[in-house]
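Take a look at these structures.
What follows is a pair of complexes built around subunit A, which joins subunit B in one and subunit C in the other.
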Partner chain A sequence: MESIQDHAAVPPKPIGRPRSRWGEVRKSRWAYAFISPFYILFAIFGLWPMAFSVYLSLTEWKGVGPLEFVGFENYTRLVRDTVFWQSMRNGIILFVLYVPLMLFLALVLAVILNSGRVRGYRIFRTIIFMPFITNMIAAGFAFRILFTHQNGLINIGLGTLGLDAVPWLESVWWARITLSILIIWAWLGYNMVIMMAGLQTIPHDLTEAALVDGATPVQAFFRITIPLMRPVILFTAVTSTIGSFGLFAEVASLTEGGPINATLTPLIRIYNVAFGGLRLGYASALAYTYFAIIFFLTIFQVRYGRER
Partner chain B sequence: MTARAFRESLITILIHVLLVVLSAFMILPFGWMLATSFKLPQDVFGYPPILFNENSSPIHYRFLLEEKNLLRILWNTFFVAFSATFLSLFFCSLGGYGFAKYRFPGKNVLFAFLLATMIVPFAVTMVPSFIVVREFGWVDTFYALIIPGAANAFGIFFMRQYISSISDELLDAARIDGATEFGIYWRIIVPIIVPGLTSLGLIFFMGSWNNYVWPLIILKTPARFTMPLAIASFGGAVGLSNYPGQMAMAVISIIPLLIIFLLFQRRFVEGVMAGAIKS
Partner chain C sequence: MNQKLGILVLLLLALALVACGGETASPTEEVAPAAGDTPAAQTEPVEEPEATEGEIAGRLLIWVQQANQDVFEETVLDEFQAQYPDVTIEWVNYPPDEVANQLQVAIQGGTGAPDLAVTEHRSIPRLVELGGLVDLTSQLEPYMANLNAAALDSGSKDGEYYSVPWDVGPVMTFYRRDIFEAAGLASAPEEVSELIGTWDEFLDVCIQIKEETGANCFALNKANNYGDVYFNMLWQQGLGFVDDEGNIAVDSPKHVATLETLAQFWEADVVSDELEWNDGWYAELNASLDAPAVTPVATVTIGSWMGNFLEDWVAADQAGNWGVVPMPAMEAGGVRAANQGGSAFIIPEQSTNKEAAWVFAEFMVLNADNHLAIYEYSDYFPALETVYDAPLFSEPQSYFGDQVGRETVAAVAPQVPEANIYVAENATITGALQTAIQKVGTGAADPAAALEEAAETARLETGLD
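Coming up: the complex of A and B.
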């Protein structure tokens, strides 16, 4: 406590022109101390591992023993890794399957719940948001039971409507669709809440004026609400893109990546290579390739989203 | 009633019907989870499907307590989530205060760097972070679940926005009264930002409680598992899947968060909204 008392009179903001840069740094030592935990922890558990991982990607390592330097062999092997590229493709397919639909639904729901014509809108908001707080292992296994082919509740329901049982988890495309349903179930409320917050920032009288001028609510929605909500839609689209490549628990519990790797995501592939196959060097090469692709995809998305 | 008014009320009714249908879809997995957790294994896929029958009983919950170390696993999950949340809140609010209320050389560069770290996906740090954690001897310990993520860029960003709105006069007045810089943080800033800390804390707590991949990499001993791991590794005695037991575990994993969510719903939603809008 003694030393803390000593510095009590140090003003946090330099008054007038400081004598030297070093003097300024010394004066600001409290500020540096306050922000330091992040940089220390990031250096140890983020930056250093990332740098080490670059080197690791040029080696073959089982996690113990000496590192064997192999140059760019991991990267050349990766080009022919059909399972990895399959997982990247799955990420894109999943994105196409659920993101547009989910964001559209989220925006429509946000507009409806914001419109003030829904009774008890808080209850609906709570219910729609509830899946978001559920851990995806619990949810995934619950979906697995619901969507079981033989006598699962969903197929029994379809049967009473006179429809055939659907191989929800057994066929390549149905498994992807079932996974998409799980993700929409889990994330719809989250995106809806963000859209609701976004709607509160756009001027209400614009849509009002359009409606007075004779536009239908549907026209107002497509011509006014969607263009004004572009930044918010872009944000949710970008986070969902990154999300669809980084799915793990949802897939582990619902489909285990199957059938025949149809729902395997890049993150699971990297996990399997690293911790299942103990090929830490190769996993690092995969991770960096994955990062580069995601990075350019995001930049492309932001560019494209802003220009249009 | 004019045609227009009639159409309006028709639309209103339609909207409510759609919302009720959607809500039913949202609740269905929870309901089926709960119903399954009371069934006998042979009734899970019985035809016709039933919610409850005369065989339904809480037997699987007793099985979890007696055979599956339920209380221990709940405690693990709670301990990790609670510690991680409080440590993160401390570091994030302190960092946010540093960025919001001080001017210092390199501030803009440091802040830009902080934001840039947010684009690094988990896939890239997953393998090398594990290697570092192993060097520390933290494999199969809770340290690895609590400390590496304790100072989080998003949290600092969130807290900086929140603390920026506090007036400087208040802090200067305290300074004149002889408060230390840390004393200002502790006695003046922290009490004011309790609502923001609550919002952020709820998000951290949920993130830790529900986390699966990192604990899967770190934890090896079943007695140290957290709830999602315990649900995922749930096997029946003879290698068959024991869905009712697994669903009982799932129900218990959801209830604490559900209670917290319903109690603090406003703060929770505020945290989610603020986080999204500001980035």
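Coming up: the complex of A and C.
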């Protein structure tokens, strides 16, 4: 304490060039001090558990008692874990089912609301964003009631139109589609807002000039807006990809991973193994495998998205 | 000057941090039964009245679901307090499954457990496995002969007993008298019991009901099946998820035969596709035979606690139309009893008032008079068999068409065999089996293949052989 005050009283001495890195740090020590709380907390609750679970993935552990070192046994085991690979496959299927459609809708809505031709666009923006701040558990249960096979409101509606009831939650593919509907409903607004932020950075004159030159609005959308929005679309695509493997509350409240594990996501699987099965070592191995796969998928996506 | 200001802000920040982190150690924490605050209250047993040797006193922190707290408060809690005035009870409520989940975290974390908890038999072996519960064998000894054997078994490991059984869920077949009559079948309990003596006979009854009335026999969902009917069928045969050596047993020939028996009901197309605990399921249990919109079901085979649910809220419209008989056996003369659900008291090792915790559990459910009062109020079927002698058990119940239903359940409860279903790995194996049943239900696999795959998955996930 005293020493700090002593230093405070004396202005820091000029240090000769080239300035050492430590000198830079010293110079900005107050800035570092002020941003340190985040890093301290992150180190305790983020970095340490991440590092610890590397070691954990090489052990068997129930959460209490001694850790039993088993080497790479957990990793060789997970190669044969059909349920885990099914959950990864589910992640890919869900990605295909909802990400392209959701991002396209988000972009179209953002363009429409951003065009200045919609009266009261703020209201629409709020309405579309609203589901994002709705509690997912509550929304999931509401969807579950709406999509019930018999006497669900959706099927009753289809019935009055003369259509057959759809097994929304009772068949492998329909359950995935129903889950996708819930996800799009919940996340469309979030992605739309990000798209709108991106659109603000595109000068209006570009599209206007194209329109004056005789382009149709649809042409302008595909030839001007989408190319310029590439970085924003890439961002939303990457976060949505990570999101579709990491779905949790949506699945837990709507389908519980069923039917026949068709909507089980890797994250739910890892949670079940860790806390239902008391196998924290194996769950850590699953988590790191999951992390590695998502990491490379993201790198691939970013690479591919930047090129062309 | 700026730097001094900086120091001040930094100090404040540090203080805030310490305050956040140190909240749990705050000695000013009062009796606050909010869920999040319990670890705080737990680690700092302040102002606890001095407990002298042999005296039951001090703070007693109990984790229960709200409904169970109500049961105690509405029945004999006042008498407990009159007898033990120095015990200060604090309640923390969690949703049903959460008591065990939170307790698991507390045991794994080494801190934050209550003095006493009430949770389902199903989740207790997992906690025993973690080594976090007090061994109650010697205290239970005098009561053991009168306690439901299967319930005791669920809370035991290696001959030691860790739970004080409160209630059990003897599996019963509830049936609709009016639908049986409309199908041209007998409807008196004794006759129906005879009629559905085995699952094969039950299938014939189901076919007749479907043909004559159009009603479904019971709910057996295909794609999202929870597996409860199948688990009850396993339990009645004493078949477990693991065998006595602790190896995964779910693909044994008997397990396969059991699933084949169940699958016959799908093949015969006599069951509804409703999933338990959903609106459609409630609706079909409460539907009239001539209801226009909903096809009723004629039976439900489930833990006896369902009788209370039917009467109170699921099927209140059908008062007088329901009856209750023992579940069908797998083969003629076989066991017609299984268990589904039920709960027990457990005392965590971390408990700071184990004496009062035991005394509370003993007072509530090991004393026949108190337990009877609790049963009368709650309808949780007692694991303490001496309660069955009470006059209440020979009273006719108007909801069940004046049948003496409690007597029927009381006759079944002691017959429940021990089965290794409520084991530490229950949650994991249940998941694997649900998938297998769903595959059979949707025609994606036959029982043998589906169970073989489930066994494979279960072995991989549990690490058992």
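As a working rule, the second predicted complex is superposed on the first by the 279 of 308 C-alpha atoms of A that agree within 3 Å, B and C clash if a C-alpha of one lies under 4 Å from a C-alpha of the other, contacts with A are read in each partner's own complex, and residues count from 1 in each chain.
Basically, contacts are C-beta pairs under 8 Å (C-beta built on N, C-alpha and C of every residue); 3 or more make two chains touch, one makes a residue touch a chain.
Since the structure is predicted, the reported quantities are computational estimates derived from the model, not experimental observations.
Participant: Considering only touches as defined above, state whether A:Phe291 meets subunit B (first), subunit C (second), both or neither.
Facilitator: Touch status of A:Phe291: first partner only.
Participant: Looking at A:Gly71, would you say it contacts subunit B, subunit C, both, or neither? Reply first, second, both or neither.
Facilitator: Touch partners of A:Gly71: none, neither subunit B nor subunit C.
Participant: Name the contact category of A:Tyr190: first (subunit B only), second (subunit C only), both, or neither.
Facilitator: First partner only.
Participant: Examine A:Gly162 and indicate which partner it touches, taking first as subunit B and second as subunit C; both and neither are also allowed.
Facilitator: After superposing on A, A:Gly162 lies clear of both subunit B and subunit C.
Participant: Looking at A:Gly116, would you say it contacts subunit B, subunit C, both, or neither? Reply first, second, both or neither.
Facilitator: A:Gly116 contacts neither subunit B nor subunit C.
Participant: Which partner does A:Ser28 reach: the first (subunit B), the second (subunit C), both, or neither?
Facilitator: The answer is first: A:Ser28 touches subunit B but not subunit C.
Participant: I'd like to know which partner A:Glu256 touches here: subunit B for first, subunit C for second, both or neither.
Facilitator: So A:Glu256 only meets subunit C here.
Participant: Quick one: is A:Gly214 in contact with subunit B, with subunit C, with both, or with neither? Answer first, second, both or neither.
Facilitator: In the superposition, A:Gly214 contacts neither subunit B nor subunit C.
Participant: Between subunit B (first) and subunit C (second), which, if any, makes contact with A:Ile145: first, second, both or neither?
Facilitator: A:Ile145 sits against subunit B and subunit C alike.
Participant: Does subunit C touch more residues of subunit A than subunit B does, or is it the other way round?
Facilitator: Counting residues of subunit A touched by each partner, the higher count goes to B.
Participant: Do any residues of subunit A touch both subunit B and subunit C, and if so, which are they?
Facilitator: Looking at subunit A, the two contact sets intersect at 4-5, 8, 30, 33-34, 37, 40, 63, 145, 148, 150-151, 275.
Participant: Would you mind writing out the residues of subunit A in touch with subunit B in their complex?
Facilitator: On the subunit A side, the touching residues are 4-5, 7-14, 21, 24-25, 28, 30-35, 37-42, 44-46, 48-50, 52-53, 56, 63, 109, 112, 117-119, 124-131, 133-139, 141-143, 145-146, 148, 150-153, 156, 185, 189-190, 193-194, 196-198, 201, 232, 235-236, 242, 245-246, 248-249, 252-253, 266-267, 270-271, 274-275, 280, 283-284, 287-288, 290-291, 294-295, 298.
Participant: For subunit B, which residues are in contact with subunit A within the complex?
Facilitator: Against subunit A, the touching part of subunit B is residues 12, 15-16, 19, 22-23, 25-30, 32-33, 36, 44-49, 91, 94-95, 97-99, 101-105, 107, 110, 114, 117, 119-133, 147-153, 156, 171, 175, 178-183, 185, 206, 209-210, 212-213, 217, 227-229, 231-232, 243, 246-247, 249-251, 253-254, 257-258, 261-262, 265, 269, 272-274, 276-277, 279.
Participant: Would you mind writing out the residues of subunit C in touch with subunit A in their complex?
Facilitator: 3-4, 6-7, 9-10, 13, 17, 101, 104, 107-108, 110, 126, 129-132, 221-224, 273-274, 278-280, 283, 293-294, 424-425, 427-428, 431-432, 434-435, 438-439, 442, 444, 453, 456-457, 460-463
Participant: Sort out for me which residues of subunit A touch subunit C in the complex.
Facilitator: Residues 4-5, 8, 30, 33-34, 37, 40, 60, 62-65, 77, 80-83, 144-145, 148-151, 167, 169-172, 175, 255-256, 258-261, 272-273, 275-279, 282.
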